[in-house]
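Here it is, the structure in full.
Read from first to last, the chains carry the letters A, B, C and D; within each, the first residue is number 1.
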Amino acid sequence: MTLAYRKLSRIQMASRVARDIPEGAYVNLGIGLPTLVADQLPMSREIFLHSENGLLGMGPAPDPGEEDHDLINAGKQPVTLLPGGAYFHHADSFAMMRGGHLDICVLGAFQVSTNGDLANWHTGAPDAIPAVGGAMDLAIGAKQTWVMMEHLTRDGVSKIVAECSYPLTAMACVARIYADLAVLEVTGAGLRVVEAVDGLPLDELQRLSGVPLQA
Amino acid sequence: MIDKVFSSPLDALEGLSDGATIMIGGFGGAGQPTVLIDALIEHGARALTIVNNNAGNGEMGLAALIKAGRVQKIICSFPRQSDSQVFDAAYRAGRIELELVAQGNLAERIRAAGAGIGGFFTPTGFGTELARGKETRCIDGRMHVFEQPIHAEWALVMAETGDRWGNLTYRKTARNFGPIMAMAARKTVASVHQLTPPGMLDPEVIVTPGIFVRRVVQVPRMAPGLAIHKEAA
Amino acid sequence: MIDKVFSSPLDALEGLSDGATIMIGGFGGAGQPTVLIDALIEHGARALTIVNNNAGNGEMGLAALIKAGRVQKIICSFPRQSDSQVFDAAYRAGRIELELVAQGNLAERIRAAGAGIGGFFTPTGFGTELARGKETRCIDGRMHVFEQPIHAEWALVMAETGDRWGNLTYRKTARNFGPIMAMAARKTVASVHQLTPPGMLDPEVIVTPGIFVRRVVQVPRMAPGLAIHKEAA
Amino acid sequence: MTLAYRKLSRIQMASRVARDIPEGAYVNLGIGLPTLVADQLPMSREIFLHSENGLLGMGPAPDPGEEDHDLINAGKQPVTLLPGGAYFHHADSFAMMRGGHLDICVLGAFQVSTNGDLANWHTGAPDAIPAVGGAMDLAIGAKQTWVMMEHLTRDGVSKIVAECSYPLTAMACVARIYADLAVLEVTGAGLRVVEAVDGLPLDELQRLSGVPLQA
């Protein structure tokens, strides 16, 4: 039997995540892959993007030459503010996160465990200089934390694991995983497959993932 | 008459001592009081503990302070960036101590100092390396970590507009750590781009009331381009 | 399109249940959302726990809610005033439970709930009756008391100007508890005197960003005179 | 020997307190007697008055007819705002107090003990409905807490005591006592007389006070 499936591209993954973000949601899109979601949100939905450096209602990048160096996102890139947006200081911004006011936070990941532990800030390499930023606050803060990542490393090893080997960002914080092979839900009793890419049967997804998956 | 306005950044740092803990506002370049940092380098104080979200970018500002060998310890959330080579070298050479703090805990610990709170329980960081050795507690079924306030002798912040009483407003996301650092330090020095005549700031709109600010100094707006970096926070 | 604007105060309370904990903004009359309280009386919910700085003045607003027998417990800092006769009578008759909280601890406990803080140590109240039975700790040579967050299902606040996204500004000292209560409750209903078209509020000036507000309702400005009381706080 | 001294009037007490408040001070004047201090502050000094309901730079009462019911003080009386003033919310206002940012807080008192314990919120009467307001926060918050009160009760009993019999507002918080018979400093090792009203000898002040006083 030949398996005929294609992994989702990064844009397709972003589009898939965007599909599940409802009108009126307050959302933080983490650094890296999740930032791609912004451009996939349908114009017809009003969604407020939060940036932890003190910004709600973040808009797209400015036109070249229109950059304002006092208006940046968490990735320190110039952005814009949409009508209805607001500025606030760092303690208020993280109060928004820690206080559970964001509906959804989308984060990249090195690893996610079957109980929803997240590792996304540090490889743990002994010579690495650590840097955490807002990762730990984002992971525990939103009503739902979604992870967006490739299902497998470049070496073909599953990033979905029984237990994270990388240093944790937060325990049992992930609600959903949007990967390039499947969308998975963290149920509290393991992982449930919401959908897999066309042509990828459950047993093959199971084999690639290396941890038990529920249909 | 109260007049907190100083004529030069260096004058505004008078009294700052070796070994001081200094909060420096800014998130990357936005809100970083570069002119005050330059004055701090000129001032010459050594063995400083610096509180900042980052650990310097490029070769200017905080990076230059580190390069000058003045920083003994840094308390920050995101030291490593593509252009943090100055910090990286000092850290690898063992010349600078790092206390890594999750960004929200950093902000809340600073605010706690300003608000006279002796410490607080936060869910952020529980079960991670950064909570190692810290007190934990289960509150309403959720595990929390005890975090302590971060106090400082000095804070250097960049605001947009100020007056002689020390009232401040900020501009866009350059606000970031400024208002909470101004509260947390015993002596806050604010650089402002505009000095406004007394009573011109709308009392509804003042973000940092003058009670939190000891000294104000007007500085030119930074040339654009210095503040942009491509790394995560 | 997001539109948090409700056409009537009563509609804006839809879903409120018996037994709910409700924060009500205001310091005496300033910032007290009288029209929303009237709607709450009309709504009919019973066995409420109310969080407010006071316990009602005169016969209107919160006093009327207590008089209607809807309040089981009140968490406040300053119940007794020259015109708190409605509360006084209910309290002496054993019809209402009182949790007395020092005003700053009240504010900080509300903020803690909004900010996701599990509890904090404060010097306020140490060695007093109000700290009896509470955990204490010596921090930096000073005694502190452990205080817990106050969460609520609902907050009713009075703001000055709002928009359909729930962004709010306040007016003068009517701001008081509004911003922190809006953060602390799961559902915040704000009455505003002015509804402004989308995008008209200056993002530098918004005090409560819309993320903290579920519903907005426009109400006429109160007749002056109702808000003045002569008692201490 | 006839003792020829006069107690300070309430206005004289307020004037005496005002004399010690320096230019540039941030000050909270408590409800009751301390509110009289405001009118005694010399116009030549810039002093910022804080009101715990979210106001810095409080000015005098408005002219009749000019009252603004959204602009009140902690006593819920209409006030004005001076140029340079600002509004803020309750958590920020009490952060100002608890965080030690006010230079001076002047409070009324039922009793002050020789080690600076303060009782000013509750008589402890069993049928009294308690109300504390901001008293406890004010007492512990300022760099210096001053008490302004009559030295003796109407019955001639000293309000300066070895140990408070009324419920405490805060422990060891009072730095100075401005009374109508004397100004006293709380030294940490008892009370020191800074000055007594004209014609009142120390031994008589000592006798009236009922606790040891240092010269």
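By our rule, a residue touches a chain if its C-beta (ideal position, glycine included) is under 8 Å from a C-beta of that chain, and two chains touch if they have at least 3 such contacts.
What you see is a predicted model, and the numbers here were worked out from it, not measured in a lab.
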In this assembly, which chains make contact with chain A and also with chain C?
-> B
Distance between chain centroids, defined by C-alpha means - chain B, chain C (Å) = 33
Between chain B and chain A, distance of the C-alpha-averaged centres to the nearest whole Å | 29
Between chain A and chain D, what is the separation of their C-alpha centroids in Å?
-> 55
Residues of chain D whose C-beta touches two or more other chains | 81, 87-88, 91, 94-95, 97-98, 141
Residues within chain C bordering two or more other chains = 108, 111, 115-117, 122-123, 170-172, 204
Draw the chains as points, connect those that touch, then say whether the picture is a line, ring, star, complete or other.
-> other
Quick one: which chain pairs are touching?
-> A-B, A-C, B-C, B-D, C-D
Spell out the residues on chain B that touch chain D in their complex, using ranges where they run on.
-> 1-2, 111, 113-117, 163, 165, 167, 183, 198-199, 201, 203-204, 206, 209-212
Listed in rising order, chain B residues that touch chain A in their complex are 27-31, 53, 77-81, 84, 87-88, 91-92, 98, 100-105, 107-108, 110-111, 122-130, 143, 170-180, 207, 222, 224-233
Seen from chain A, its contact residues with chain C in the complex are 23-24, 26, 46, 48, 50, 56-57, 81, 83-88, 91, 94-102, 141
Would you tell me which residues of chain B are touching chain C in their complex?
-> 108, 112, 115-123, 137, 139-140, 142, 144, 148, 169-172, 204-205
In the complex, go through chain A and note every residue touching chain B.
-> 31-32, 51-55, 67-72, 74-78, 81, 87-91, 93-95, 97-98, 117, 122, 128-137, 140-141, 167-171
